[in-house]
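I have placed the structure first, in the form of structure tokens, so that the comments after it can refer back to it.
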Amino acid sequence: MGLLDEFLKTRVWTEKLVDPLTTDDMVVQPASQVSPPKWHLAHSSWFFEHFILKAFVKEYKEYHPDFDYLFHSGLNGMGEGIPLEKRGTITRPDIKEVFFYRQHVSEAMSLFWEQLEKHTQSADIMKKIELGVQHEQHHQELLLADIKYILGNQFLHEPYVKKEAPDTGWYADKILGWNQVDKGMYTIGHENGGFCFDNERAAHNVSLQAFEMADRAIVNHEYLEFIEAGGYENFNLWLRDGWDWVKRTGAAVPMYWKKIDGKWQRYSLQGVIDVEENGPLLHVNYYEADAFARWKGARLPTEFEWEAAFQVNPDWMYSPVWEWCASAYLPYPGFKITQGALGEYKNRFMVGQMVLRGASLATPEGHWRPSYRSFLYPDAQWHFSGIRLVR
Amino acid sequence: MGLLDEFLKTRVWTEKLVDPLTTDDMVVQPASQVSPPKWHLAHSSWFFEHFILKAFVKEYKEYHPDFDYLFHSGLNGMGEGIPLEKRGTITRPDIKEVFFYRQHVSEAMSLFWEQLEKHTQSADIMKKIELGVQHEQHHQELLLADIKYILGNQFLHEPYVKKEAPDTGWYADKILGWNQVDKGMYTIGHENGGFCFDNERAAHNVSLQAFEMADRAIVNHEYLEFIEAGGYENFNLWLRDGWDWVKRTGAAVPMYWKKIDGKWQRYSLQGVIDVEENGPLLHVNYYEADAFARWKGARLPTEFEWEAAFQVNPDWMYSPVWEWCASAYLPYPGFKITQGALGEYKNRFMVGQMVLRGASLATPEGHWRPSYRSFLYPDAQWHFSGIRLVR
Amino acid sequence: MGLLDEFLKTRVWTEKLVDPLTTDDMVVQPASQVSPPKWHLAHSSWFFEHFILKAFVKEYKEYHPDFDYLFHSGLNGMGEGIPLEKRGTITRPDIKEVFFYRQHVSEAMSLFWEQLEKHTQSADIMKKIELGVQHEQHHQELLLADIKYILGNQFLHEPYVKKEAPDTGWYADKILGWNQVDKGMYTIGHENGGFCFDNERAAHNVSLQAFEMADRAIVNHEYLEFIEAGGYENFNLWLRDGWDWVKRTGAAVPMYWKKIDGKWQRYSLQGVIDVEENGPLLHVNYYEADAFARWKGARLPTEFEWEAAFQVNPDWMYSPVWEWCASAYLPYPGFKITQGALGEYKNRFMVGQMVLRGASLATPEGHWRPSYRSFLYPDAQWHFSGIRLVR
Amino acid sequence: MGLLDEFLKTRVWTEKLVDPLTTDDMVVQPASQVSPPKWHLAHSSWFFEHFILKAFVKEYKEYHPDFDYLFHSGLNGMGEGIPLEKRGTITRPDIKEVFFYRQHVSEAMSLFWEQLEKHTQSADIMKKIELGVQHEQHHQELLLADIKYILGNQFLHEPYVKKEAPDTGWYADKILGWNQVDKGMYTIGHENGGFCFDNERAAHNVSLQAFEMADRAIVNHEYLEFIEAGGYENFNLWLRDGWDWVKRTGAAVPMYWKKIDGKWQRYSLQGVIDVEENGPLLHVNYYEADAFARWKGARLPTEFEWEAAFQVNPDWMYSPVWEWCASAYLPYPGFKITQGALGEYKNRFMVGQMVLRGASLATPEGHWRPSYRSFLYPDAQWHFSGIRLVR
């Protein structure tokens, strides 16, 4: 598919994702890490306006002079902006205006396409557009996680969709087994052509000991055994910060789970359903994943082990959930921060976050690569995150 | 005006107040003390459904079984409910549904009116309806304060209305003077017939020393002198908690004020305007009012002094703002808490709040009485609150 | 007793109070409202150094130039000082040095006595010394409350003294009865000669309805009934802030109580003892007092009712505990803040605190007057506070 | 030196370290991460009592039944204990008692020595004693950091010692240069015999690109340039969490630095001294180290690069400070958690901490190895931490 098609398809898909929402759903921010859907709609448009249209299209007419401030990624080059946790207070522009903004940007981009080939900086611009498309796809999955949080925390627990939700429909068809990965040197990171985010570079060698990788993600009944064995009450299973998290929050089950009339239920994007025995465990954080692994006498893979196992056999590593890795999110050797305008946009590396590998049923088609690195704070449960074991 | 007319007028007026808002404005809660407009719309309907329709109208069909839980005053008789600070996370029901709910309740009330006179408990019901009407009027002013907070904290600072806003249009026409109130015994509280809230009873005697009451509220240029004289930096002017508040928040002006290009401006419901020299000072909290009074060599009136001065001459006490009193909000002697269903609704007395007397330009016509007691935590700035001095 | 004797006796008594402590006990601050005993020792000396010796004694040699900053009441005239909650971090000067400081000040005061009568400002100085003595006595009771908190929260629960502790030894000898106080006008506040704090002035008239005052403080078995009837779980009994406090802290008994092997025990200054059925209820806060009163179908007295009842018959109001009043701590009519140096020292009036009346077994002999006003934040439990009912 | 000598020397040294302190200094905890010196004295004794004396010495008489609970490492096997941040509230036992406890343990250990050789588990016991000695040495440096925090935050700023303080006396004698480390495979971790902590195992191969390691730690004048160039105000230099830290705390200089009369001064263990131009930069956290490196166009080494450079030439890596590494503190491949009693003691791996390598002037002689891994939360400044650059 050409880049224009990819662009248009992506723009449409974002809007399709919010189609089942009420305006009210679009605006709120029930937790600081959850962005209002409206903000995703605006911010993914801001990218194209800021980095393409305002930068390269002479005749482009900015939609609104304040949107640049309102919708960049939290902080601009001066460290200023609407704080992350205040996104849910923005009511002006309203949602209608945000849709007009999207349309304005999409149309201007489409118009610009004809000039694009002749443009002296054509190659550079194309790369930035591709980055913008990937950026919007990345936000599509965040959007689903945020929508689930918004609806799943309503007293009314109404469903997002009637069927084919991205957090249902997959079932394990086998008992957990193990695949052997040999000791050796593996090349980690993105090395061939094609798009990648800058955190996937530079590709580099990592020497690994032999290990056995579980042949699928953990499913609900396996985690239920952990719960029922008192896993959440056993101090010895938890990281110190994890134990503090358990005590502070009173956590005793994955996010969205509840026992009703003796039956385990969970909120899914299709509404409240019975917890499926062989369905993939979802919405655990790093602490829970790590405690579960310890209880099983196993451990979580490093991100290098994860990628190496994929190189040995991609089929082994298919997963309906993002899988927590025992690797902190840090730059690869040789990493160079992007300079200039785009550097401003890039997510800075952070300390304190952990890597997740794989992809989930909520990841947009075609968005993922084996070198893809997701990352979250270790207490985050609201993403489509689960567990893969290694030993 | 008959009670039915009063009821209908009040219901319509609430909806008129939210007419200039976008849906987005209806939903958000930018600070824990600010309720979303949607919540006011639903909660004021809940009162009639809960205390009248479900209690006395056999054929009434409840609109939705969960709305009772969602929209009572924060906590039901079991201490359960949506916590105050979570009101801005409710997206289901959405705003359309809430308007249907209002309509459903208003129509059911209108239909019930014909049976009302013949009803055996007619007098009791009429009293409860009157309470419901007053309750909704009370929320109309809260609604305006909350709307102002929502719009006034937008980056875009768009106006609520183009003209005739309830926080503009009044100007002092004289230099501040003083009226003498004699030493003596005054009866405080509501004693005649007519409606009052239960916190205005029992009427009781209070012995007062002579005092002089300022003949109007403080206006902006008087407070500007305090600011420019370094009032916010002078520790000796402040209550200890007030000084902590100044240090913690960095407060240096009333809420909504900002100096732009050397000119004092304020957000009003008509948008950003120049601070009017003789306009009423608005949006100061108790700490600021108290510090200003000390700086002036005066003090704040007690609520008894306020009411006594009104008894001597009502004209003296007209004010475009609520006036902070040096009285904690505590029950009057002989106060009896309402038992049963309505008791559940009543705002419980609280410790730590201060009384405000008078009314503001935002108070609905006909809602106020001289014995009316408003009350807020001492750090609250977002109401239409100002200063009256006494000496 | 002459003022010098009073001075010397008070100085010695403070030191006697800390005699059973280890150095370690002297230094720590286990909660922000608890001052280290060492700080009380230093601060009560600072008063005499700052207001008498440095102000009136030419030849006086300041003990240390930084102690004025370290040991004034939290904040000096510029709003600066060691923050209240950091008192437990001061290790220099150490405790030995603080005792030398006390001795230095006491000796300089004694030496100054001979000149005192001839001094031109003799009367003024005498008044300030008296204030200093009263100030130190006031701190003696705070000291006991703080010592109890420090020792009572140790894992080892060691006693402060072996016998004659100020929180044991009193028992009610009768069933709770009621004394009638007639409707009428009462004069509240300090009006005769003799010492008082400035918050007891000006004396003024208050008109009261008739009421019945309980003839003694509440004792433990009465409060136990409240606990066992589920008082701490019944939302309807609590002020809104009180209910928040219960939920936030998990409070379910008075401070220092614990059920061990089915038996109620409490930490007293004599160590852990059985809760005495007819011993005075101690260490409840305003929320607990108010909830208990509501459960009993009674209420807490206002401070005016308390003082009026005392005027009718002082015997009625003897109490081994400070009694929470349904009165906010606010200045009396005609109150004038002390100007100049002493004004700096005075506790500023605060919003948000409630009055306690009476005195406790821990109050130093001779320190109390019927117009005495104590005051605490409503969540404070660590003082020798209890309950008196009125109806 | 034999193990007994090592044991005795270590026990004595700990006590020597607290010799200059007042009792007051021993007890307080001015910040949650700072343990009172008294706690270090007790906890390092607890190790020997708990793991050696109570486990292997039949005739040993426990000093006090509650000390096991009071002085284990924060949480016992049930997740219970005195919370870390409450250590500064422990006044019973007092400091004298804690010295008796130390003596009791030291003597019992000495007595046990004769039986030790004949003991059937002699080898195991010796290993545990060695671990206890290393554990106490590790606490000796913590103790110095905590003492510095306690004294350095006093208003009086008194020195700890008059001369030869562990945070003074080293000066760089050259301009910063760079040493080349070649691309290749390096073995990281402890592989030979001799003592190491379990986090240094298993030794494993790491493949590294070529890099240049700075030939010494950063000194004060180099960091001053960063400060004076506005480093703390330049958002673009900071990690996102780092920027939040700067904004939240108002940090603008390393801990203990202050400009007085235009001259940079710092609190050292010898008291307040001028910042030495060529003295080692101390007391920066990871955020500061990372921002400085970015400003210099360099970066922080990974812990693997650090250890590899040491292998190439140990002289290159001598440093008077602990050096922040761009590596999260995570277990090495093949790491096995110690089972049983000692596992309980071990510091659990944590997420969110960063590694520091090298040692400081405060590290006890003979305690360090090139595979030694220190670790701290990225906001920690109070350790003897500084910066080494790589490029």
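We call the chains A, B, C and D, going by the order they appear; numbering starts again at 1 in every chain.
The criterion applied here is as follows: a contact is a pair of C-beta atoms (placed from the backbone, for glycine too) under 8 Å apart; a residue touches a chain by one contact, two chains touch by 3 or more.
What you see is a predicted model, and the numbers here were worked out from it, not measured in a lab.
**Student:** Taking B-C as the reference interface, which entry in A-D, C-D or A-B shares over half of its contact pairs by residue number?
**Tutor:** A-D
**Student:** Which integer distance in Å separates the CA centroid of chain A from that of chain B?
**Tutor:** 44
**Student:** Rounded to a whole Å, what is the gap between the Cα centroids of chain A and chain C?
**Tutor:** 57
**Student:** Return the distance between the CA-based centres of chain A and chain D, expressed in whole Å.
**Tutor:** Distance between chain centres, rounded to whole Å: 37 Å.
**Student:** Mark out which residues of chain D touch at least two other chains, giving numbers and ranges.
**Tutor:** Within chain D, no residue contacts more than one other chain.
**Student:** How is the touch graph of the chains shaped: line, ring, star, complete or other?
**Tutor:** ring
**Student:** So, with touch as defined above, which chain pairs make the list?
**Tutor:** The set of touching chain pairs is A-B, A-D, B-C, C-D.
**Student:** Write out the stretch or stretches of chain A touching chain B in their complex.
**Tutor:** Interface residues on chain A, with respect to chain B: 22-28, 30, 38, 66, 69-70, 82, 86, 88-96, 150-151, 153-156, 158.
**Student:** Which positions of chain C touch chain B when the two form their complex?
**Tutor:** Per the stated touch rule, the residues are 75, 77-79, 185, 204-209, 235-236, 239-241, 243, 247, 286, 302, 326-328, 330-331, 333-334, 348-352, 354, 378.
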